[in-house]
Amino acid sequence: MATLINGIKKEKIMGRASILKSISANKPALTALPEIDMKVFAEEINLLETFHKNVALVGGKIFELKQLEDLDIEIKNRYPNAKRIVSLLEESLLGNVHLDELTKPQDLENVDLAIIKGAFGVAENGAIWISEAQFPIRILPFITNDLVIILPKKDLCLHMHDAYDLIASRMRTFGLFISGPSKTADIEQCLVIGAQGAMSLTVLLI
Amino acid sequence: MKVGLFIPCYINQLYPKVGIATLELLEKLGVEVFYPSGQTCCGQPLGNSGYERDAKGACQVFVENFKEYDYIVGPSGSCIHHIKEHFDILEQTDAVINVRKNSYELCEFIVKILGKTKLGASFPYKVGLHKSCHGLRGLKLGSCSERMDPYYSTEEELLKEVKGLELMSLTRKDECCGFGGTFSVFEEAISTKMGKDRIQDHLDNGVEVITGADHSCLMHLDGLLNRNNQPLRVMHIAEILNSSI
Amino acid sequence: MDHSELAEIFIKNEEKVNWHDKALWFVREKRDAAARNVKGWEYLRELASGIKSNVLSNLDEYLIEFEKNAQLNGIKVHWASNAEAHNNIIYKILTQNKATKVVKSKSMLTEECHLNPFLESKGIEVIDTDLGERIVQLAKEPPSHIVLPAIHKTKEEIDVLFQEHLGTKPCNGDPQYLTNEARKHLRDKFLKADVALTGVNFAIAETGGFVVCTNEGNADMGVHLAKVHIACMGIEKIIPREKDLGVFLRLLARSATGQPITTYSSHFNKPATGAEIHIVIVDNGRTEQLSREDFRSSLSCIRCGACMNTCPIYRRSGGYSYNATIPGPIGSILSPGMDMKKYSSLPFASTLCGSCTNVCPVKINIHEQLYKWRQIITKEQKQPIVKKTILKITGIVLARPKLYALLGISVRWMLKYTPRFMVYSKVNAWGKSREFPKIENGNFDQWYKKRKNNG
């Protein structure tokens, strides 16, 4: 038994040790990590307009609410057939599926609509950062049939470099940049909106 | 300035008209042109086939023939590119370094070194420009469609000034013709398909004469045109720039 | 069969070749449009190239840093020297978790290691959940493109395939209907899977986290439903800092498909409560490629596929002509290092036009490496005797001006006077579809001599 354990241990160490040894022997002389000159990417553009344009480009819908109170009306108008709704937004009263510590990911299989808050948007590609800080069960934004993200329109940055600055001091567990609804062009390059994840994404700006 | 005229091997043997046009054009532009008669070939066909070590002799003959000139000018982007890039297999003597540095493709020499674009040429036809890859991407004779650089084209600068010449716009501006040296023989099916597609692009866009700075590409397209009896002809840019009515 | 033989077969169906060529050219054009929209695109490429150079020069340190930080966050890290070890490690994790059903999102590494047939031989169901990969899986074919696996299949072919395997109704290849049906079929698989496998687009040394990018959401659908997530990565997928993702995520999707970013760029740092994340770090010939000074930068590849879309040969010969896990230009500089004999024709399947080098987001000098591989292959692999002899003799002749002059005149004489049926015989590959130039008058040497003599 001891030799078997030692054998397995040896194999594990061999893999790691031999790979690292091989790299050390074969790697080239050290070249410095380049520093990024942000000035090259600086642009005087209207962040809101660009974000609008790109959310639409990636297949999302985007709308600016005149007031926060219009939220539920707007959502009900857009998704009149949604029955099982998860809302992670205090400001919305539409939620009727509640999540707690006992909720298993599979339980969310029949969720029609999920409403969550986005942290910020990225103008250059219409992406929004959302993380476990915004939704406690990781499968939610993917398994829901449709997704609504509420985003304060002042919380926009220009490009991904700025985006990574904004999330640099977060607690790192799980998060993602989400850009539009799920999609595929795997069948003869024809774009189909709605693949395995959410069939639609609506961004409501406040 | 003393200019050594480099006539690529296949132009010498198969398309001497192009060499003649190149020489006449340079002389018209007031250049003192010398033609070293012991020249053979730059060695590119061997290099591209994986035998660059067997081309060392040919490369050395080239350097011997051209080392005493201020500029070496040749009507072939791919050959000049080969000299500049792949003569690194020779010991880098002063002669080798100078030959590599001072070799120019014809159009680039005229525009950059002579500083001329208006050559008094006349060619009243619809012309399609084939931007040969080694000249375009290798020698940077122009910007290419896949890079985000400001637009420029050495050949177009010259063609624009030719009287009566109508430069037609192609659908794919700089796709490879499929010659690729021995590729044309060892991957014959793909090579001819690529050539056929290039020709079709020119036909679709009303071109009467296909031109370019590399006659290897044009030779390949010419071979296809003639086999298929298509209503197009090819002419090296030297012949167009040297023509007047 | 080598590339030229396989390509000749593919090319016979000209309609299909034209369609394949146009489809991929369209993707290349979308890439161009997306790149044009980015201020400083060429600078971004320069940065990406510099970051990857730094990574390769410090790879062991970064991997150690990555492992440490990943483990601190509860991620289990495994190391596999080769494909066999990779497959065994995964199988072990599966048996430890009594897993029989696995869902897998796109990972060319698992394709390289032939993971699917291995697991299936052990009685484990593996479902490829990327739509393109599911299509080729049902068709029992390998992917033909690393980003668009089913690019070679028409919608009518997919219609028939889904009728057979998914029980769909005939629909004239309606992509919307077929995608919807696939969604239902895959949803069922996601819900029943024990373990989810993914690839890794980028692993971050600084944080011990990694990123998986998809458009369909299939990676996330797998990993957030299953209890165990196994992520497979080649050693070269490491990047130093999280902020470097800013560079790579701006380049990746634009280069691959022309989108500004994939729908989902999921950042994994810690497993969810009650779930497990495993990472398998794989060598499988990469450290050997690292030792090759001329070719090591090929390890910078971020698997975007842009080189394939721009390559006029790939578009007209299809991925299968390369007979390699990774086809196209990048595949032609990676594969000979792994098996020179099998892949010796690949570096020659190119005109060296250089377009691939220009679209590569990390600026790998692909066309120069293709040239360099050719020099090595002719030395180390037995070449056809006729080709070798002709080229060596040519080298000798070209070094002797008088001999060359004689040969020139002989060739011209032969072309001019040899009967057509002899010139354009079966052995003449040039003459199969092309005419030779017409030989008239003398060559340039003769013309110049005459002119000199005439004063």
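Note that the chains take the letters A, B and C in the order they are written out, and that residue 1 is the start of every chain.
FYI, contacts are C-beta pairs under 8 Å (C-beta built on N, C-alpha and C of every residue); 3 or more make two chains touch, one makes a residue touch a chain.
Please read all numbers here as calculations on a predicted model, not as lab measurements.
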item	value
Chain-level touch network, classified as line, ring, star, complete or other	line
Innermost chain, where centres are averages of C-alpha coordinates	C
Per Cα centroids, the chain farthest from chain C	B
Chain centre separation (chain A, chain C; CA means) in Å	27
Whole-Å separation of chain centres (CA-atom averages), chain A against chain B	51
Approximate Å spacing (C-alpha centroids) for the pair chain B, chain C	32
Residue list for chain C, restricted to those that touch at least two other chains	38
Chain B partner contacts - residues on chain C that touch it in the complex	3-4, 7-8, 11, 14, 17, 21, 25, 28, 32, 35-36, 38, 41-42, 310, 312-313, 316-317, 348-355, 357-359, 371, 374-378, 387, 391-392, 394-401, 404, 408, 411-412, 429-430, 432-437, 439, 441-449
Chain B - residues contacting chain C, complex	7, 9, 11-16, 19-20, 23, 35, 37-41, 43, 45-58, 60-61, 86, 133-134, 137-138, 144-149, 172, 175-176, 178-181, 183-195, 197, 219-220, 222-224, 226-227
Contact set on chain A toward chain C in their complex	12, 14-16, 18-20, 22-34, 36-37, 40-43, 54, 57-58, 105-106, 109, 124-127, 131, 137-139, 142-143, 159-161, 163-165, 168, 172-190, 192, 194-198
Complex interface listing, chain C residues touching chain A	23, 26-27, 38-40, 43, 46-47, 50-51, 53-54, 56-60, 63-64, 73, 78-81, 85, 129-132, 135, 148-151, 153-155, 158, 173, 175-176, 178-180, 183, 186-187, 190-191, 207, 209, 215-218, 220-221, 224-225, 235, 240, 242-243, 245-247, 249-250, 257, 259-270, 272, 281, 283, 287-288, 290-291, 293, 296
